[in-house]
Amino acid sequence: MTTTIENPTPPVEVRQTGQPGKAPRGRTLTILLWPIRHWSVVVAGAVLVVAVLWALVPGWFAHSDPTAIGATDKLLPPSSAHWFGTDRLGRDQYTRVVHGARASLSGSVVAVALGVAVGSVFGALAGWFGRWIDAIVMRLIDVVLSIPGFLLAITIVVVLGYGILQAAAAVGLTSSAAFARLIRSEVLRAKASQYVEAAVASGARSSTVLLRHVVPNSLGPTLSLVTIQFGIAIIWIASLSFLGLGAQPPSPEWGRLVADGRNFMASEPYLVVYPALTVAAVVLAGNRLARHFAERQKR
Amino acid sequence: MSSDVTPRVARDITAPSGPVLAVEDLSVGYQAGRGTKTAVEHISFELEPGQVLALVGESGSGKSTIGHAILGLLPTNGRLLGGSVRYRGRTISDLSGGRLRGLRGRAISLIPQDPTVSLDPVRRVGPQVEDVLRLHTSLDTEARRQRVHELFELVGFDDVERRYRQFPHELSGGMRQRVLIAAAVAVEPDVIVADEPTSGLDATVQAQVLDLIDDLRRRGGTSVVLITHDLGVAADRSDLVGVLRDGRLAELAPTAAFVQNPQDEYSRHLLDNVPARLSFVTDRSGGTPSGDPEPAVEVRNLSKRYEGHTAVDDISFTVGRGRTFSIVGESGSGKSTTARVLTGLTQATAGRVSLLGTEVGTLNTKAFRPLRRDVQIVFQNPYASFDPRFDVLSVVEEPLRSFQPAGSARRRRQENRDRVVAALEAASLPASFLHRHPRELSGGQRQRVAIARALVLEPKVVVLDEPISALDVSVQAQILELLVKLQSELGLTYVFISHDLAVVRAISVRVAVMRRGRIVEQGEIAQVFESPASPYTAQLLGAMAGRQLAGR
Amino acid sequence: MARYVLKRLMHTVLVLWAAYTLAFILLTALPGNAISNLINNPQNQLTPEDGKLLKAFYGLDHPVVVQYVRALDALLHGNLGYSLSSGVKVSDLLGDALPGTLRLTALGFVLGAVIAAGVGVGGSYARWNWLRTLLRSFPALAASVPSFVIGILILYYFSFQLHLIPAVDDGTFLALVGPAVTLGVMISAPLSQVFSASIAATRRQPFVHVLHARGAGERYIFGRGVLRNSSLPVLTMLGLAVGELIAGSVVTEAVFARNGIGQITLNAVNTQDLPVVQGVVLVATAGYVLVNLVVDVVHPLIDPRIRADILAARSKRTKRSTGSTPTGPGVDEAMSPRLPEEVAAR
């Protein structure tokens, strides 16, 4: 059932001009209305921009030192001086959340980069060469994916040791199997596609086919997984840190902040709530943007 | 079959006088963005009991929208903008959902477009037909099952109990369509909307399915709204023809009158472009003006086996230089595999293939490459054969770059561009198309781009794999015309693969009929069409729609 | 069919062995372990002889390959080795902790499935537009909140504020509710996402249109066609959700200070107690892989096309998969959990 109405075909077909041109006025209106119709995308983008700025230039947002201990300011509730209150050592919680962005975000960047890098190498090799390389890589992926992911990450942390980078590496390595599998299937899909066949039939060299057709067309679908993986990586790294397996004190990583505040939850819930909501907001914003780009790509 | 001229109105009908279905001044639109696009406008027609109305039109003409509107099943963004649908004098287009549901399937039923996806894949087919009885009758379980068995017999199944228990994927396309027809006639509706009921089916199956609908209609005095893109089918199978163009009814006339003497200019245009009426081969006798040309393509005892089955089984043929040789067959006949062997996309298992004097049968893809300068292919679906990231220039330029030293692309940019423009012009496309994306082009334009890509290297042999079967009739004619023109200008040799006998007759001198991997018959067009030697060819010819038109 | 089940079972065993080996390789790459920590800690005042004795007891004085073969041999006899930090049998340690964790994950699983079913059906069919919109935004929201945040919020409001559930595990069912809801919400995110997406996709299928044309109402169509078709991807997802449940239980048990596999894992990690880590990985992987085996066996029962593929695969065993030929999830792909595309795209 077609829901879009094609331009009817007049008898002399060359006259047809494909998409009907839009009136210029309608176009400006569309552009002006875009932020209103996609307000959630705009909000998500703003949240992410702020989070990234927190990570890059925390000094713009919080002027005090995240590790400065204030002996007289312990466990103060949120106020105009301390937006998110202060922790048990009198450190300004807002400052710590702002500075925590760097650990959380850079950790997830490292994790995703590692996952994509390892995953693409294995996936592309398996998909392009096929045969025994494919068989081995696929079995390897099977095995890695058969271990519950977070547990595998924990196991890798045991080997690598504690720390934000180690946690990021663990998350990245764990996710690489999923990337490898996706990239392999995309390479296979592109390889079997008719445009690749048409390129071969028109005389293209196999290097051309790989570099001009297969690789670029395999990347698109991978991108949407990459954007989603950012959110997952933030959550996992925060979870590892929450369990004490990631960032170590006094680093103000977000999961760490939640873990630290847990003991004061009955009396000082704000110590937990603000960092927790920060993680949720950033991940939510990231996923919203990821979905937006996935939808646009589909069109 | 229906070549007889008996009136189609059933005799034993005791329905009240007056039309069983009337559509009055119907307009339907779809919401797109903030506006509404009108899909059909001011459609009016009446259908007497037992009559068949064929709604004909090219893609986007709005014919399916009318079918949906009659059933009250417009997509969620569809809106009735005006007019009404009346069933037995009662307006049904403004009924509430519940009351309309009572009519659907019981009074007006649907035979859907694509049988392969119109059945629930995880349910047995018997119970799916039973749904209609469950919804509209008070029969008990046993009676329902009994009735479905009867219906299955009616649509020509033997071993109905086994069929009842089968799943859709265990049935062929034609059989699935029979199941859907059984469901459509289960409670003896007054009107059946048949929405392209045979699209995607092979010609012989198409004829069987249409015969079945005809037969059931005649028995039950049912009226049919037959929605089709195929004027041949419409001419063979209807009492009334409505021609749709841009959502308007260009002409509504009794079929015989319409075929003899179409009133509307667009109708005439459509009729003139029906493949059955086309002919681009001036010399019908097939006699060669200057003796037999040297062969461009020679195939001897070619076989291609895949694991489990044989796609091509010991076929031989020769194509003379500058000639068109057609291979015709239904799906699974091995014609496309033959095309793939000829273009080096797959290797033959046995036999010899010689292209322009080079043995290629067993060359692998890499060794075949030098030959591609001279042998190119045009695929059925041009859009799928273009890299989705490429614009027209990149698509057409690709073969040129393939045979230029790597890295010289920048130096040759202007030269390549000029050659691409020349190829586009040869395919009757303006140079302004260079930086358009195929997405923005119509089906015919895309196929012209594909043809330009095939020609840009100035090859000698072009394999055309169903190059026009995805296109509208009038566009088909234009592309055929273009192909013929290019052949005479450039001296091209064509191997033309098609399922459509009428098209084959219009374009080629020699033809081979394939079935299950074998060539059952080959020879001059005239001879094969006038006095087929093989019963299968005769069957194919018999199933050809549009003989009413060809015989004018 | 029996052959198919047998084949999957064998594959499962192989995967388990490979996973165990992988974990072994990973963990032997580790420079330190609990024993060497013990020996090297000057506070313990161990003589080199004591150290040797300890190493010999745990078999650590042998080359890695010998250690591996021994471990494998012991494993076949149901022996997972001894904890390095407490000397207790790993199997006893896990056996004690498992029931609590199983209860928790089972309840979490059921809750997750119920939430997902409600969100999926409600988000597609609810009468009010606002409710549909609300329910449809649930999966994305739930997927964005880390499980420890959900757990802490539940703990804060329902224990500390409302005093509805105990803050520590007192062995009652009520104490199970908090962590189980945490897990349920966590896994309901991907489940409801897949369910909603596949209901929507199924309702766009032409066969649903045909059912409408036969005069069927939404309820009838849902019951007879949409439900079954759209639960197929959910089934796969249910198998994958078990992996998340296991991971989630580690975090959740930490939040609610419950004893269980999670607690043991954390202790083992903190003390570099390798045999225990190894044992946890093995048990969790076994549970995960077994659930997916069940999914694989149930799948063809629901979907006749996969049944047909299995039969066809037997006759055409050698056919090389090109990726374009759709093999049913049962045939070659099923064992490895994978995210359906709808999830990846959302």
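As written, the chains take the letters A, B and C, and residue 1 is the first residue of each chain.
Following the convention adopted for this analysis, a contact is a pair of C-beta atoms (placed from the backbone, for glycine too) under 8 Å apart; a residue touches a chain by one contact, two chains touch by 3 or more.
To keep track of the chains, here are their UniProt names: A = ABC-type transporter, integral membrane subunit; B = ABC peptide transporter, ATP-binding component.
Not measured: the values here are computed from a predicted model.
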item	value
Chain contact topology (line, ring, star, complete or other)	complete
Chain pair with more C-beta contacts, A-B versus B-C	A-B
Farthest-lying chain, centroid of Cα atoms versus that of chain C	B
Chain A-chain C separation of Cα centroids, rounded to whole Å	22
Chain B and chain C: spacing of chain centres that average the CA atoms, whole Å	49
Chain centre separation (chain A, chain B; CA means) in Å	45
Chain C: positions in contact with at least two other chains	206, 209
Multi-chain contact sites of chain B, meaning residues that touch two or more partners	none
Numbers and ranges of chain A residues touching at least 2 other chains	1
Of all residues in chain B, those that touch chain C in their complex	71, 73, 97-98, 101-106, 109-110, 112-114, 117-123, 131-132, 135-136, 167, 169-170, 180, 183, 307-308
Chain A contact footprint on chain B (complex, rising order)	30, 32, 37, 39, 58-62, 64, 68, 75, 77-78, 245-247, 266, 269, 343-345, 365-366, 369, 372-373, 376-377, 379, 381, 384-389, 398-399, 401-403, 406, 428-430, 436, 440-442, 444-445, 453-454, 457, 472, 474-475, 478
Sites on chain C touched by chain A in the complex	15-16, 18-19, 22-23, 26-27, 29-30, 140-141, 143-149, 152-153, 155-156, 160, 206, 209, 242-244, 246-248, 250-251, 254-255, 265-266, 269-270, 272, 274, 277, 280-281, 284-285, 288-289, 292, 322-324, 335-339, 344-346
Complex contact set, residues of chain C against chain B	205-207, 209-217, 220, 224-225, 228-229, 232, 302-305, 308, 315-316, 318-319
For the chain A and chain B complex, residues of the former touching the latter	1-9, 11, 13-14, 16, 18-19, 193-195, 197-208, 212-213, 216-217
